[in-house]
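For reference, the structure discussed in these notes is given below.
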Amino acid sequence: MLGIKGKDLTLLCVVAVLALCAPFILNPFPQSSAMAQFNAGYPDLMQRFVIFGIFAVGFNILFGLTGYLSFGHAAFLGVGSYSAVWMFKLLSMNVIPAIILSVIVAGLFALVIGFVSLRRSGIYFSILTLAFAQMSFNLAYSVLTPITNGETGLQLSLDDPRIFGTSVSDTGGIPVTSLFGMEMRETSTLSLGDWSFQFSNGYYLCAVLLLVSFYISIRIFRSPFGLMLRAVKSNQTRLNYTGLNTRPYTLAAFVISGMYAGLAGGLLASMDPLAGAERMQWTASGEVVLMTILGGAGTLIGPVLGAGFIKYFENIFSKINDNVLHQWFGGLPEGLENAVVWFTEHFVGSGWNLTLGLLFMLVVTFLPGGLVEGGTRIGRLIRGKSKRAEKKAAQSKPAE
Amino acid sequence: MNVKPDFNKGKNYAETAPAFLSVWNMESYYGESYIVQNISFNVHEGEILALLGRNGAGKTTTLRSIARMNSPQVTAGEIWLDHQPLHKMASYEASRAGIGLVPEDRAIIPGLTVEENLQLAQIAPPIGWSLERLYDLFPRLGERRKQEGVTLSGGEQQMLAIARALARDIKVLLLDEPYEGLAPVIVDEIEKTLRIIKEQGITTILVEQNAVRALELADRAVILDTGTIVFDGAAAEVLGNEELRSEYLAI
Amino acid sequence: MEAILLQVLNGLDKGSAYALIALGLTLIFGTLGVVNFAHGALFMIGAFCAVTVQKVLTLSKITLDPVKTDFLGNPLQIKTPYVEGWFGPEFGAALIDWSVPLAILFAIPIMLVIGVVMERGLIKHFYRRPHADQILVTFGLAIVLQELIKHYFGANQIATPAPDVFRGSFDFGAMMGMDPNVVIYPYWRLVYFAFAAVIIGAVFAFLQFTTFGMVVRAGMADRETVGLLGINIDKRFTIMFGLAAAVAGMAGVMYAPINSPNYHIGMDFLVLSFVVVVVGGMGSLPGAVLAGFLLGILESFASMNEIKSLIPGIDQIIIYLAAIIILLTRPRGLMGRKGVMED
Amino acid sequence: MGILEVKNVNKRFGGLQALGDVNLSVAENSVHAIIGPNGAGKSTLLNCLVGKLIPDTGSVMFDGQSVLGRTPYEINQMGISRVFQTPEIFGDLTVMENMLIPCFARRDGSFKLNAIRSVEGQADIHDKAEAMLVDMNMADKRHMHAASMSRGDKRRLEIGMCLAQEPRLLLLDEPTAGMARADTNNTIDLLKQIKEERNITIVIIEHDMHVVFSLAQRITVLAQGSPLVEDTPDKIKGHPKVREAYLGESTPA
Amino acid sequence: FTNEPTGGTVTLGFNVPQSGPYADEGADELRAYELAVEHLNGEGDGGMLNTFSSKALGGNGIMGKKVAYVTGDTQTKSDAARASAKSMIEKDGAIMITGGSSSGVAVAVQGLCQEAGVIFMAGLTHSNDTTGKDKKANGFRHFFNAYMSAAALAPVLEKLYGSDRAAYHLTADYTWGWTQQESIQAATEAIGWRTVNNVLTPLAATDFSSYIAPVLNSGADVLVLNHYGGNMVNSLTNAVQFGLREKQVNGKNFEIVVPLYSELMAKGAGQNIKGIVGSQNWDWKLGDEGTAAFVKSFGTKYGFPPSQAAQTCYAQTMLYADAVERAGSFNPCAVGEALAGFEFDGLGNGKTLYRADDHQCFKDVLVVKGAEDPQDEFHLVEIVEVTPVAQVTYDPEHPMFAGGALGECNPGA
């Protein structure tokens, strides 16, 4: 089906089911329970999961396949966002032209930066991309303020021209982003007992695009192009002496992953029409690197998992304050309660970074293949096939 | 034909064994693949042992296991060198205990000159031949001492690898295909050197594809096939045994 | 003319700071090949050694003032540092005044221990892992260290002044017969410059005139073979790590008076130090130092008004622009060694 | 006029004259061996042919066109493939994937974003790689990681990858070093067969005289960077200078 | 309207920096918010509830609903701040968002709240734009702004340093820096100062030596540091290191001015801040009744006096709650109407007006300077003068604030 088969097809189906049912899956706890704090099924966060998933999937096409570690990918995301917001300002609030433009502009930007940076490999390449991104960030923050609105970020305003739309909505506000009239921010709520599930148009647009992106990424991984990219990672000398110039391949991968980043940026702006310069800072580029490695570089689903993991901590753990903790542990005796709260406080709220840092270390130390490796191990446990057993099986066969 | 090596499987095997180097029930893995499958053999002091077998038989794996390299992982068995338990040592400790390995890919260290490659061998005790003496043995190395080691020609690198092993005071020399890539004249030279080394009482294990050459030089031979020992006996015996020659050595 | 001289001086000093900060990173990243995102954290811990020494020296005995009151109307607490009580007010005050230089003495052993523990406990397992994994683990570590410091010292900057005698600036211009106040330079920065020169020289000498440097280089290229030659490379890597941490820490201590440290100071310098090391060329100590000075001077020039008015915003990007130009014209940075982290 | 014409090639490394006035002419569809002591400059000469090194002076013509100044991939596109002294293969990929890459590489080297159809979907290419694996007697290792094969196997794989490209000139740098006798014989047969079937010209460097004398039609002896003699195998065998400088006494005449 | 509270509680969203350089400021804001919630719910000593001129609040929550709150981390990034605010609105049902410690974040979150249909009560934001070109109907600012700083400072500067001065500006190269610089340049030129130069410095700069070194030779005798937070601490430290303060230029003592001050910055700058003049929105040492009540309850609870950031956040919460009570509805439009043009007293700074035209508060502004010999760490700053509100009031159409429009209030879905 769709030109993919076997495991890949299963994977795509699983991702599709997960993405479409996310509003249920991410909201497992009833509204009034203490655990509701851990629910992540509200539109903004679900959108972020998916958008950063797209970003990471694209990054993985470059890094996972070719091994070229770009440390400036956030620049493409930022450029995508700016293009989209400009599109909203000038043209119309329809997200389609905005998204298309952001993909194109990010692709062109990636073409230029990639063309230059790919003259070097290894760490030298990483630093070149980092330098380009940091330049973009610094300029966007200051000199380019007329285009980027600097520190505040590019926003819509009441006096935008918006050729194919209205500057001001009927209610006197700024019109909202939409897909041919279907408003992105519109959310319908389904209440089932103590649960309430939110279905947002914006999220479903993002989810569909994630599925498309993911599907394309599968196709790339399984295509001769993907094979060539893996060959680039493995041995460039051999590739050269096989008559292949590696540059067009790496550049194509770079541009494709830049376009993914642009798409992510465009979607971010479509969900929330603001583009800030911080989106291009090295920390943002670093974040996608971390997402990819954390999930499992070179695997198909890993980057999406990594993106979800980091965004979850950033948005859910950071919001747990001592007030919430006291509610949770209110059942404990006073002294114990305070002790538990005091201890837990370090890891949540303003301490969310600490938890994230610790988890980075734990995951990479104990799960060398990232979260995907963790999943594989769990799968193996469930199937009851231990490593030992496999070893025994191998023993009976001769070494070859 | 399958000849069992002569050793007794006692707990205090190491003390009673007449051997200088003994490998006992050794099993080695690369990750999940089981390569060296429970082998045992002895090497006596001062002798040259030829370790033969087809490609992929596990010769290199055996040598690397004895030298205590990080891979393969030796999961079972014991290795004793002159009453020292090698199987409990890290590779640098094995080296200090007297193991010298000339690896099959020569492993010349990039970024270092020829001389630095040799100096590196003389940092940790015990120190063997002096640089002058090594340059006498391999004059080509003397001429190229300031050149980066990895830019040497294939044969020169082989010389450097052997010289580097001799730069340490070793008890057992493990040679993994030392003749590979060497001009015939040089092979003759090295063979002479090996005889000199033998006279000095150094024990040698020689892995070589040129089986005839190796067997002419060696005292004893061990033949490996898919990770198990299929022959252990006098070198001359192999040369005289048609079946062994054709089955495992194709000569 | 004076302006140029001034910026050269400035650049030299900035450069010495960059070089010193990057030096520790070169040892780990350029030489051991470990992509150490925790380097900034080591620098920060160094700076907080200075803060801690200052805090310890100013630990105070509290007495109540009978007359004055605090903001809640309670009697005011008067704090007299214990050291002033023990050593007399004058010597005690001098000790406090000199807390930053004193902190160097504390920082060296502390940073050595931290470096060694970090290497033995964590990094050791990552030499053979992909660089990406190294990034993840060291970044995680950096965050953890940072958050711990934030927890104990807060997020605000903490003033750690240099000793009083180094306040003010030295008038080079006047010395050279120009008008006064034209070419001036703060004393503490001159101290920093000298300090950087000494440390850089010492590290050079250690790696150049002992076999240590060669062994570590060899070990990075091929650990296995070095082990085969009887060398316990792990031990040397550990020492190298300790050394690098100590260098990073000293750079941090000395920098504390220039920029009051906060828990974020390491991250602020992280990118810069990577850029310096890579522009210098992987595996090259002199390269990193040279790149530090070069970028320092370029940055100083770019901040001159004449140049800024010519190209607006040039000072924002000069470092990156220079890095790009250098890396494109020289494949391995200024003095990089072949084969180090090129793939 | 041979298919490969090397004229007056010189190459210095610092103070070392690695190649001095090398002249070499290789006839089309022949096997030409280059032998000589270690460090004679054999590999260096090969490097000059494939664009890894640029000679200081001299010219290298392949089929009437100069190869100098071209990048390795351009030279390969002219029809020259090379097997290295230490195997250069894609260690992280499986044997099958290793073989697929030269099959997918287009002869003219032009870039095609072949990202839509899957690898398996392109049956013609897949079959070609499969056939090559069978030819190389490696079909059973299809799914093995190339890096975890023994050295002899890596060599064979590399030869197979070069052959899959259907080159016109195949350069072999000690292809049988470290190979078991049986495999060496197989390789000799394979090379002979391929040369016949596909009209390939082969230049081979080898220290194993058995291989050289079984394959070569002409032999150039290189010593200290310069050709010592060039002749047929029989003449070379008996050449006293060659015996002294290179072959030694123990080589059977 | 969005998030209409239906149960027995009403949820407020406190969106403050918890990581990044302003985390301490954020922590102090959060303390103030928690205190405000306590007071609104009738716990504790009531703080400024007792001094507030409006008596609509009765310590029984807001309109009888108990006040609950959620917190989030802005990270001082527009993106993260908006994400955090969105989660409060979408997930937790927050009806009002408040907090923040930079203008970029304030403007970004204000825009979000406008679109989402909730009220935004800005925390610490000093840029003219927040209530200037980026003003929004749903957004309200209690904190003062760059123009007011300049207007308050100029007369004091004239008094202290005379009217014949040449100023050299170092300005952080982003929106806040620019508006700050523009304001102070205009104000000082109005008292006769010359502006020698204005040099933009990168936000990411940590070492300002190359910008400071040329100052002495430029003919200027005053250095104005339009920097905030870490930038300001570092540039001031660098300037003092260069010995600028000991120098004489044009026969006058060289002086340094830092237009926007905070206690935390003073602490970070240590000795270097002594004698440096600047402005503040509020200081705990102000003698008025409201201030005293607030300082007492804050100090008793946390052991140290509140910062100006804490005060503005506390006041904003009170003002919001009060407006709801007075409006009799949580509907943002009703609340906005109640706030617009509202005059009050007793929350510090004396009589205050929430101007309807731009939702900016007008009140007295403090001119402060670094204490020469502080009695303890809480007295690093001393008040030089309390500039009366009249002097800092400007026309809503003032060019520095022109360009934007409040628009219509948005009650949301």
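Note that the chains are named A, B, C, D and E in the order they appear, and that numbering of residues resets to 1 at the start of each chain.
What we mean here is this: contacts are C-beta pairs under 8 Å (C-beta built on N, C-alpha and C of every residue); 3 or more make two chains touch, one makes a residue touch a chain.
Since the structure is predicted, the reported quantities are computational estimates derived from the model, not experimental observations.
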| item | value |
| --- | --- |
| Remotest chain, subunit D as reference, centres from CA atoms | E |
| Farthest-lying chain, centroid of Cα atoms versus that of subunit A | B |
| Centroid distance [mean C-alpha coordinates] between subunit E and subunit C, Å | 34 |
| Chain centre separation (subunit D, subunit E; CA means) in Å | 75 |
| Centroid distance [mean C-alpha coordinates] between subunit D and subunit A, Å | 47 |
| Residues within subunit E bordering two or more other chains | 23, 27, 173, 200, 202, 204 |
| Set of subunit C residues in contact with two or more other chains | 313, 316 |
| Residues of subunit B engaged with two or more neighbouring chains | 33, 56 |
| In the complex, subunit E residues that touch subunit C | 20-25, 27, 173, 197, 199-202, 204, 206-207, 209-211, 213-214, 216-217, 230, 233-234, 237-238, 240-243, 246-247, 249, 264, 267-272, 284-285, 295-296, 299-300, 304-305, 375-376, 378 |
| Parts of subunit A lying in touch with subunit C, wherever the complex brings them together | 63, 67, 69, 116, 119-124, 126-128, 130-132, 134-135, 138-139, 141-143, 236, 282, 286, 289-290, 292-294, 297, 346, 351, 353-354, 356-361, 363-365, 368 |
| Interfacial residue positions of subunit E with respect to subunit A in the complex | 18-19, 23, 26-27, 30, 34, 69-73, 77-80, 82-84, 86-88, 90-92, 102-104, 107-108, 111-112, 114-115, 129, 134, 173-176, 200, 202-204, 404-405, 407-408, 410 |
| Subunit A residues within the subunit D interface of the complex | 3-4, 219-220, 222-228, 230-231, 233-235, 237-245, 248-249, 252, 400 |
| Residues on subunit B engaged by subunit C in the complex (per definition of touch) | 67, 69-70, 90-92, 95-96, 101, 103, 107, 109-112, 116, 119-121, 123-125, 164, 168 |
